[in-house]
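Per-chain residue numbering starts at 1, and chain names A, B, C and D are given in the order in which the chains are listed.
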Amino acid sequence: MRKVHKGATEALAGLLRDDMMIMCGGFGLCGIPDELIDAVQASGVKGLTIVSNNAGIDGVGLGKLLETRQVAKMISSYVGENKEFARQYLGGELEIEFNPQGTLAERIRAGGAGIPAFFTKTGFGTKVAEGKETREFDGENYVMERGLFADLAIVHAHTGDTEGNLRYRMTARNFNPMMATAAKVTVAQVEHLVQPGEIDPDTIHTPGIFVKRIIAVNTGEKRIEQRTTRKRGDATPAAAAGGGTH
Amino acid sequence: MRKVHKGATEALAGLLRDDMMIMCGGFGLCGIPDELIDAVQASGVKGLTIVSNNAGIDGVGLGKLLETRQVAKMISSYVGENKEFARQYLGGELEIEFNPQGTLAERIRAGGAGIPAFFTKTGFGTKVAEGKETREFDGENYVMERGLFADLAIVHAHTGDTEGNLRYRMTARNFNPMMATAAKVTVAQVEHLVQPGEIDPDTIHTPGIFVKRIIAVNTGEKRIEQRTTRKRGDATPAAAAGGGTH
Amino acid sequence: MAWTREQMAARAAKELEDGFYVNLGIGIPTLVSNYIPDGMSVQLQSENGMLGMGPFPYEGEEDPDLINAGKQTITALPTTSYFSSADSFGMIRGGHINLSILGAMQVAQNGDLANWMIPGKMVKGMGGAMDLVAGVKRVVVVMEHVAKNKDGSESAKLLKTCDLPLTGTQVVDLVITDLGVFTIDKKGDGGMTLIELADGVSEEDIRAKTEGEYKVGLK
Amino acid sequence: MAWTREQMAARAAKELEDGFYVNLGIGIPTLVSNYIPDGMSVQLQSENGMLGMGPFPYEGEEDPDLINAGKQTITALPTTSYFSSADSFGMIRGGHINLSILGAMQVAQNGDLANWMIPGKMVKGMGGAMDLVAGVKRVVVVMEHVAKNKDGSESAKLLKTCDLPLTGTQVVDLVITDLGVFTIDKKGDGGMTLIELADGVSEEDIRAKTEGEYKVGLK
């Protein structure tokens, strides 16, 4: 039970300072640690470097930290759909380092797994490779990318036990598992806090060793960024919905 | 259902040839694809390079392929407890490339994930680093290791569906998930073959994309390498059993 | 005359094969899922961490935890599996996805692709596009043959060399436009070849709107 | 007089702290689990893919799918999680395990460790030992102070330089032998320091059986 905290503010106590690097799980608004983001906002820390695939939308998720100018730099793969972000970025107030989404995911995974650098085909011959070492292996060209390790990771899971074991739900998993491994301290918010043994140990996505503090959150209604539906009785429902590269 | 085959021989039909590289899941005798190994033995292919953490024991698991001299080289981390192995190795009939266990696991994971090379602290300054590139990152020394990708991977899972989605059980997971990703063709044997949808999609360890062929096996009694027990009513049962580095 | 968006999607669907695992980009590529032939098993990957993507949900059945890479609500299928972003891009980078169909701003005759930024405009990021084009076995671009500029003029999109920042070098295998279909020998020196004409389109129509060099090998 | 195996294990257990995640090697390190103080939460990792390792099973309750890294049948606990070998060694290499307690053939005064091969003898492999010593935050060696040779003579195991092939360079933080306890400043130039004597052992006894140089800083 030592890992369990009462709320987001208490769970982050002593962990926040200006100019730190924070990893923040989620893809779009799916699987974001919203209450922990709120607590970071309330703390007033600034000059943050945020590692997150996206930057939230105006007034939601990381969009909140942007509104209060607490972010100095984002390391992300896609930051569309956010006017405040665009304003600060175009005004030179905010630095952004774009990483291809898979490179970002792998850099985080590498950071957590003690791998300081690895090679990937992704981005060879593009702006992403500028200033980076490139190398040929077996006739193919690769770029060297570095592992990422943060001061703090904040993640969201569906279920967690008091030992810190976590299980994610559907596509809300996304960046959360790697980020949980790639920071000095990881704080998790979970929708369902249970006792050890209640999660089938074969189905735990993040072993408790990675989670230092955990809180239960009251999810209420989760936000949906793009509500897309089909009508009942559609003659030819799409075989599948479209993807994207965001 | 196109992935489902009737038995191990049929599942390996057309996939075996002399001098190929085969990855074989399992740790000790735990989670080994025994029926598929038997079918490789029966096929008579030889000159094999086998990537497997261990080499089985005499007459069990990969020990069978050693008895019939079908293996030219092993890439492993620990090969104790196998007299036939020792005999062939000391007699110069068998080549062995020892990899630290974590390096072996990561090389396989890298091969499956399109990463041709990565850096690790493991083995720096030891025989393992001889002939390999070393490099300093942030004041620490690392060795460059290459990804591994085989012609064929044979793996064992507890449950699989006809789409090839797999779930492993307890420590029988071990090397199986990475190996399933790191070969041109992966063939899985499963104890329970079910229909798509019967495995909770949040708990699938190996997505079906990695599995080309699948068979149901009749496990019968699985072998135990080191049967260790405690007596009921032990005054002070060990808080936990010992580990090891095999 | 030229192909409609639907016709382009239908043409792209001919690149599908039974048992394929496919990643579809946003826009026209999304429509390809409507043209998967009956009886053909094709599993769609969504790079945010899902294989076996189902159709949009019925109204009222949207699940905030179940979205695709375009952040749209979707549904699961019996074949579905979920995984992390690292595992998803391991799958992509490792060459396990058979086919990626995506849009483009420009394609060069050597297979270079540009689809993520226009200098001087707000850059939103490349998302997973660079990983997809570098990692997926076969890359099919579906796009309008020319770009329409604000002043009403047209700019070629099939070029000798892309002038926009690249998403990937030598990555495109096939280009489907509203006017026709081109193959590209991306790893060799075979260049670009026009293999099909859209309904009512002549080779001269295409020649006038294509800056890149190509051979003609109509099927 | 000297410490027994049980006493050495009990001494090693003093290195445990509440909330620690620990990997124990085979032999004496295994016994350390018997000395975890009541009320202290310590989770044991088994590098074949398990956190929260429980005791040996009761007779008749062995499960072939549940073994430790020594291939012994074990049991699970309510805290248990299972994972792949890649994830297990990611955990180890990434520095997430607080403490590794393992045996050694030789330790040098700079923290070099040798415990996996003897030239001329059948080499069984390093297993996970190289990963553990390189990756775990703190490495404690528990071993006999000297090796007993077949002819009855003794060889020092705490050396200026290891002559056996190394498992890791500058990796050992603490050495517990049957005669005493030494700290090693593995990343700095503080060298090796004798900090404790076993019951009935004198500093002279240790001096006679130690080849490596050390300072004396008895607590």
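Following the convention adopted for this analysis, contacts are C-beta pairs under 8 Å (C-beta built on N, C-alpha and C of every residue); 3 or more make two chains touch, one makes a residue touch a chain.
Listed by chain with UniProt protein names: A, B = 3-oxoacid CoA-transferase subunit A; C, D = 3-oxoacid CoA-transferase subunit B.
Model, not experiment: these values are computed from the prediction.
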Neighbour overlap between subunit B and subunit C returns A
A student comparing A-D to B-D should find more C-beta pairs in contact for B-D
Could you work out which chain's C-alpha centre is the most distant one from the centre of subunit A?
D
For subunit A versus subunit D, what separation do you get between their C-alpha means, in angstrom?
37
Intercentroid distance (Cα basis), subunit D paired with subunit C, Å
55
Roughly how far is subunit A from subunit B, going centre to centre by Cα mean, in whole Å?
32
Between subunit B and subunit D, what is the separation of their C-alpha centroids in Å?
27
Quick check on subunit A: which residues sit in contact with 2+ other chains?
106, 109, 113-115, 120-121, 168-170, 173, 201-202
Multi-partner residues in subunit D (2 or more other chains touched) are 45, 76, 82-83, 89-90, 92-93, 135
So the complete set of touching chain pairs is A-B, A-C, A-D, B-C, B-D
Touching residues of subunit B toward subunit C in the complex: what are they?
2, 109, 111-115, 161, 163, 165, 181-182, 195-197, 201-202, 204, 207-210
Which residues of subunit C touch subunit A once you look at their complex with the stated criterion?
23-27, 29-31, 33-34, 36, 44-50, 53-76, 82-86, 88-90, 92-93, 102, 112, 117, 122-132, 134-135, 165-169
Complex contact set, residues of subunit A against subunit C
27-31, 53, 76-80, 86, 89-90, 98, 100-106, 108-109, 120-128, 158, 168-178, 205, 222-232, 236-246
If we count contacts the way the header does, which residues on subunit C are in touch with subunit B in the complex?
18-19, 21, 41, 43, 45, 51-52, 76-83, 89-97, 135
Sites on subunit A touched by subunit B in the complex:
106, 110, 113-121, 137-138, 140, 142, 146, 167-170, 173, 200-203
